[in-house]
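Presented sequentially are two complexes of chain A, the first with chain B as partner and the second with chain C.
For the complex of A and B:
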């Protein structure tokens, strides 16, 4: 009873304070104008007239994420990478080889899942490949594909990973391939410019005032927005297999892990 | 264009709701003895601040930050730049979500390991354990 009284008093206090604040106009007038910085980003997200400033992507959020503030996203990828390394370190020595075959859920659920998985993969790839044109991108696509691993573990049991040939080291290898692809796109301007005797910046997308290097914005009149599509696809690979690793570890049977924890204690 | 009293009230109410949720989740992190509940509270706190960031970038009478006409005309770009919501908080929130997820994953694995080693997730009992 006390719990509900506290909850009701919080709701009521919030509503009353909000009403009084609005009535007195204490927060001042609502800002209806867009901020200067936002205008700058919005005006340059797709602006063929200013090639040294634009990201050539109609999606302003992806432009900021992978071009205007690209280094931020690079560090974010590193943090996510470190979290998975930490999870792998905690589970060091745990092997997927002695996972027993489980019966999984009913036949109806299995058939429906079998139909859903290809659709899920198609949606994920589409979110990644259109990330520079519509809302979405590598991370969102990776999270969408991660659903496949959860479906596999829940509906078909963790043994389905072994049957499909997805083991932990392969997932780590695919994830590392995604991260290497990101590094490749980051360093390409520097390497090519060094070979041609000019200069360029890390993560450079198009020509700058003092650098002529530029990724192609179009491929046969199809907009690919320079580095953005490559970053999205590489991040998609890295994030989806990162999630695969996490869900593979979390879907291990408790006895398997406990057996390993016991062995660790002996040392 | 100006906003009505009801619109102003609803926007203010959203702001106070966000602040109240942040307060409740902070209370949860500090007072709940269960590590699982601490992690849940931390997730709610992180999401609350993400909503606050999006709320700061929101503009009444605005459109999403996706350009629909790609002919590159100055008029259309100017209209887009003055009518779309602020895309920067959205991009920062995207980064914050990923980092929050990484932190949560790490905490969940630590909590799992803690349970396997100590047999409890009650922080009061874990504190009493020695060795």
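For the complex of A and C:
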């Protein structure tokens, strides 16, 4: 009897909430301005007829993130960069040489993980390289690749980073390479503008009303959407190794970290 | 050189399937990723290159996949569905020791996963020193190691040995 009461109350609640939020308009009128903005984005995200407005990408989210509001994303990337610098500063001087070899998880998990890591890398690159065509992009791809660092730490123990030659300096170098690549794409129009004496804007993707500068939207017949593919690939590198750094630091045992932090306090 | 082939093929297949496209862009980029990843990871994934590229072993793997996905899964499902649908719900659960004879880690893991993925049996732990799995068995027909081996593992191990051992 009791389970029928529970079932009936679930059905009734669902029906009431659905009725109130739709027919009774409990959520209020839908924002018409938002709808107008959405229409604008959809009309221009891939529109070869309006090269001065379009992002030439069928993926509206990437178009918005790296073109229509590209500066915002650039600052988000900077915030992420600063957060990782803060983490590195807190853990400064901590060395992996003191990390003990752990036994990790069972053989079953280790072997399956060993096969999954190459597939994981393929999937991450695909997400990054198709960010301008299908849902995904540099950040999502970076998060997907960073899973490898978690798998290594949890399945094989943090000592596996030492055995594989993955260290913080290399991760920082690769992340910095990603950030430099983003900066290169951001400043390319300005550099070209300075060299040729023509008008161009920071992060400019295609021609504007008063600027002829444009990144190529296609290579052969393949759509690359101007700056979008380069931003996605560079962000992929920066985010994946940014997360690598964080997960490597978090996988250190507390006593190892305390040992180093304590050393500094003594001075 | 041969040891790079299986990982490269695995990565290329994963890339193409995940991307859902065989455009020149994807084939070229997928091949580059496959080459790079196999260069880095092959030494951890492939121990014996001659086994990895053996067509005979690959055909045994296909044969095993067919056997597993049809016969083994059907038998296991039939048994568990029978238990679920029976009014009395007769079960005889136990965790039993199942000794394995395999030496190759891929055989050991493939057998363990085959046992886990068939309804009614789950590998809950593995003891590599004693070469045995601990298996939760929903309807244990015997608790001794030989019965458990014969009922749960023998068929999988015999077939998978032809692929990996």
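In the analysis below, the second predicted complex is superposed on the first by the 233 of 267 C-alpha atoms of A that agree within 3 Å, B and C clash if a C-alpha of one lies under 4 Å from a C-alpha of the other, contacts with A are read in each partner's own complex, and residues count from 1 in each chain.
As a working rule, a contact is a pair of C-beta atoms (placed from the backbone, for glycine too) under 8 Å apart; a residue touches a chain by one contact, two chains touch by 3 or more.
Just so you know, these numbers come straight off a predicted model, no measurement behind them.
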| item | value |
| --- | --- |
| First, second, both or neither for A:126, with chain B first and chain C second | second |
| Contacts of A:14 with chain B and chain C, given as first, second, both or neither | first |
| Partner, of chain C and chain B, that touches more residues belonging to chain A | B |
| Touching partner for A:207 - first (chain B), second (chain C), both, neither | neither |
| Contacts of A:112 with chain B and chain C, given as first, second, both or neither | second |
| First (chain B), second (chain C), both or neither touched by A:256 | neither |
| Contacts of A:80 with chain B and chain C, given as first, second, both or neither | first |
| First (chain B), second (chain C), both or neither touched by A:39 | first |
| In the complex with chain A, residue positions of chain B that touch it | 1-3, 5, 8-9, 11-13, 15-17, 20, 24, 57, 59-62, 64-68, 70, 72, 74, 77-78, 80-88, 90-92, 94-95, 97-99, 101-103, 105-106, 109-110, 113, 116-117 |
| For the chain A and chain C complex, residues of the former touching the latter | 106-108, 111-112, 114-115, 117-119, 121-123, 125-126, 129-130, 220, 222 |
| Residues on chain C engaged by chain A in the complex (per definition of touch) | 7, 10-12, 14-15, 18-19, 23-25, 29-30, 33-34, 37-38, 41, 44-45, 105-106, 108-109, 112-113, 123, 125-126, 128 |
| Touching residues on chain A, where the partner in the complex is chain B | 10, 14-15, 17-19, 21-22, 27, 30-35, 37-39, 41-43, 45-49, 58-61, 63-65, 69, 72-73, 76-77, 79-80, 82-84, 86-87, 90-91, 134-135, 137, 139, 223, 246, 249, 257-258, 261 |
